[in-house]
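The structure under discussion is supplied below as structure tokens; questions concerning it will follow.
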Amino acid sequence: MSKTYTDAAAALEGILFDGMTIMAGGFGLCGIPENLIAALRDSATRDITAISNNAGVDDFGLGLLLQSRQIKKMISSYVGENKEFERQFLAKELELEFNPQGTLAERIRAGGAGIPGFYTKTGVGTLIAEGKEHKDFSGETYIMETGLVADVALVKAWKGDREGNLVYRKTARNFNPMMATAGKITVAEVEELVEVGALDPDHIHTPGIFVQRIIQSKDLEKRIEQRTIREKGE
Amino acid sequence: MSKTYTDAAAALEGILFDGMTIMAGGFGLCGIPENLIAALRDSATRDITAISNNAGVDDFGLGLLLQSRQIKKMISSYVGENKEFERQFLAKELELEFNPQGTLAERIRAGGAGIPGFYTKTGVGTLIAEGKEHKDFSGETYIMETGLVADVALVKAWKGDREGNLVYRKTARNFNPMMATAGKITVAEVEELVEVGALDPDHIHTPGIFVQRIIQSKDLEKRIEQRTIREKGE
Amino acid sequence: MAWTRQDMARRAARELRDGFYVNLGIGIPTLVANFIPDGMKVTLQSENGMLGMGPFPYADEIDPDLINAGKQTITELPSSSYFSSADSFGMIRGGHIHLSILGAMQVAENGDLANWMIPGKMVKGMGGAMDLVAGVKKVVIIMDHNARDGSAKFLKKCSLPLTGVGVVDMVISDVGVFTIDDNGVTLTELAPDITVDEVRARTEADFSIAEGLT
Amino acid sequence: MAWTRQDMARRAARELRDGFYVNLGIGIPTLVANFIPDGMKVTLQSENGMLGMGPFPYADEIDPDLINAGKQTITELPSSSYFSSADSFGMIRGGHIHLSILGAMQVAENGDLANWMIPGKMVKGMGGAMDLVAGVKKVVIIMDHNARDGSAKFLKKCSLPLTGVGVVDMVISDVGVFTIDDNGVTLTELAPDITVDEVRARTEADFSIAEGLT
């Protein structure tokens, strides 16, 4: 039973359907599964609920799926970089559920770990708390948040092996490890598909059990949103 | 503000008090903070509530603190290897709270992550569920478990630096990473105290923010409980 | 002729499938690893924080930092990974393990399992057993069909404190194999020379007989 | 003469202590990093998964895998570590960060903060702001004392949707410094040439004046 697929289109074959829930890793454009998002766009799957911290930019990342109107609903913490998103949302063509970033991260981790609900003080007394169960612990008030799972999780790692073991690089790790655990099917793309045994067992961030399909990324752009530098001498 | 101390006794100075709650990492005798446990025994601190997956053996690990009658209560998942424990418990000299191992691990992780309660299906319908809040999610019943924190967490890592960054080795990782997050004060002992910069930032298991004090372990025994081998040719 | 421990482990190995991630309990379940069919890829999880468990070490390979959940020294494989206990039980509770094979003191006909405590007698703890039976997709029990004093262990209702409610999917004992599902208990296989009547005499639980089983 | 952005950042830096772990918000708060006193050890956390943030990179050091929470390219330090978003917010929610310095649209005299949403106008999201104000031990706000139209931002009650309730411990604006605690709001410092009367005129919130402040 091989987990390795030739490309993104092959890796998504047979697991997509209209109305499905997708998770996509990344923070801004850092650590996003570029190849898999492009293949999802090409699949023309519709009415997707997309769980992702951000919504990409107009012509890259999940922005591609917004342009093609494949996304029905987004669950995100911040979508400030995407004009098309704002247009569709204000025109009520798109549903939106904002989650505080830490709550979103924890809901995904909980979903993957078999925890259907947990309490947090994040958002108590704000719009986020409306309609949610409140409970006091040691005299402080918390709200209940629920676990999130997806039909398919799309993640991006730096290195991976044919067992599905993954290693992330620097801040490109972000939401990818939790999402890998929360997909009923998790598909990973990696910059370098290495031999089994090449990854140190103590350094593996995502054990292979969470990854059902894996591909080597091709032609990654790895765009930078805010190129901020200092001058030599500073 | 240096985090480095000369030895275990120095690292525990000023933070111990009678009736305190201690966490101690390790699974069986694997990955236990040997030096720190010995220093805690020498401190003669009394009426300790000890949170640890196991209770050591009669003459090693937390067993040392049982022998010296410093422990008032244990929160553990399995204590089968310790005869003195069984004797004290049956004589009602020791309080005991059994937690399922995964529930214990998650309670500690929750405590460190600011989550006062979460739901799990582990233990539903058993003694463990008695008196706990039950709640249904998608037609299945779960029980609520609470987060755990400690006055002081004692952890053992393989390598660490003066910033408190820690790396664990093989299955000696076990409960140490969560406990490091759940101590109001966390004290770490490491086999190798390395220079800052020697640990790859992508491979650090416990970021230094969680560790307030760190020492280089001395004279580790690293005992093996079940020496199980195969013969050459098998 | 009743099945031996080896026979039971061999039979349990037939529940393995290619690509499975499996957790084996302490005792007889550990023996199942010896019967993984050639060419079948099965990955063993150890709940103390390891995926891809290798065989026991040679004497010169022993490493105190490398043990299984039974505290036995083991080895790693090229595919192995290590993780914390919280991540390990996230894996277990989250339903990512396909199969868990465990021992039992008692099993009830509704799938209840008791395997951790004898009130007033044993103070050991449940370890990871409650998490495993609650979280793993399929739970197979290997046990002696009767206690040493001859009393039934496969009961209408467990008398010992439970490890999990309605969690057992299959029982493999020295007399045969039983499935437990919405249709109740079904005897699906018999050990050689064991008769249905003998099984009935040694079992308190109600069970039906699979078609074709004599 | 009111304080400039640099002045406010410099003043905020005086809230730093040796050994602190600190999260700086986007905008003026980012400038605080430039005023960490020599010899003081302060570690910057970035909520997208990094501890020990270095300065912006030289042009030839840019790495698309290394950004801060404002999506700006940054660098690492020898002491840096990376972790997932779940671990990062565990750190934040669990109270392990000593100080967070953030911007604000409105602050109320009870410490309520609004800095993420203008109904019907802005669709951006709260990002990690709600988690930071709920979890971090001390929250310091840097903001212009009044909106562009001159209206007050330091209010009796916020009119915009809240980011957190009773979470602000200190406000540093271009006119001075205010603490918020069980005693309510106290004006503790004034920018040069700013008078208490001027501050009163430009502030809706009730506040008392610290002893010795003219």
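Note that the chains are named A, B, C and D in the order they appear, and that numbering of residues resets to 1 at the start of each chain.
Everything that follows uses one rule, which is that a residue touches a chain if its C-beta (ideal position, glycine included) is under 8 Å from a C-beta of that chain, and two chains touch if they have at least 3 such contacts.
In this text the structure is predicted, and so the values were computed from the model without any measurement.
For chain pairs A-D and A-C, the one joined by more C-beta pairs in contact is A-D. Chain C and chain D have Cα centroids lying 55 Å from one another. Centre-to-centre separation between chain A and chain D, using Cα means, comes to 28 Å.
Spacing of chain B relative to chain D, judged by their CA centroids, is 36 angstrom. Annotation for chain A: residues 106, 109, 113-115, 120-121, 168-170, 173, 201-202 touch two or more other chains. Those residues of chain D in touch with two or more other chains are numbered 76, 82-83, 89-90, 92-93, 135. Taken together, the touching pairs give a contact graph of some other shape, not a line, ring, star or complete one.
If you check each pair of chains against the touch rule, the ones that pass are A-B, A-C, A-D, B-C, B-D. Chain A meets chain C in the complex at residues 1, 109, 111-115, 161, 163, 165, 181, 196-197, 201-202, 204, 207-210.
Put simply, chain D touches chain B in their complex at residues 18-19, 21, 41, 43, 45, 51-52, 76, 78-83, 89-97, 135. Taken together, the chain B residues at the contact with chain C in this complex read 27-31, 53, 76-81, 85-86, 89-90, 96, 98, 100-106, 108-109, 120-128, 158, 168-178, 205, 222-232, 234. Against chain B, the residues of chain C that register as touching in their complex are 46-50, 55-59, 62-74, 76, 82-86, 88-90, 92-93, 112, 117, 123-131, 134-135, 161-166.
Within the complex, the chain A residues that touch chain B are 106, 110, 113-121, 135, 137-138, 140, 142, 146, 167-170, 173, 200-203.
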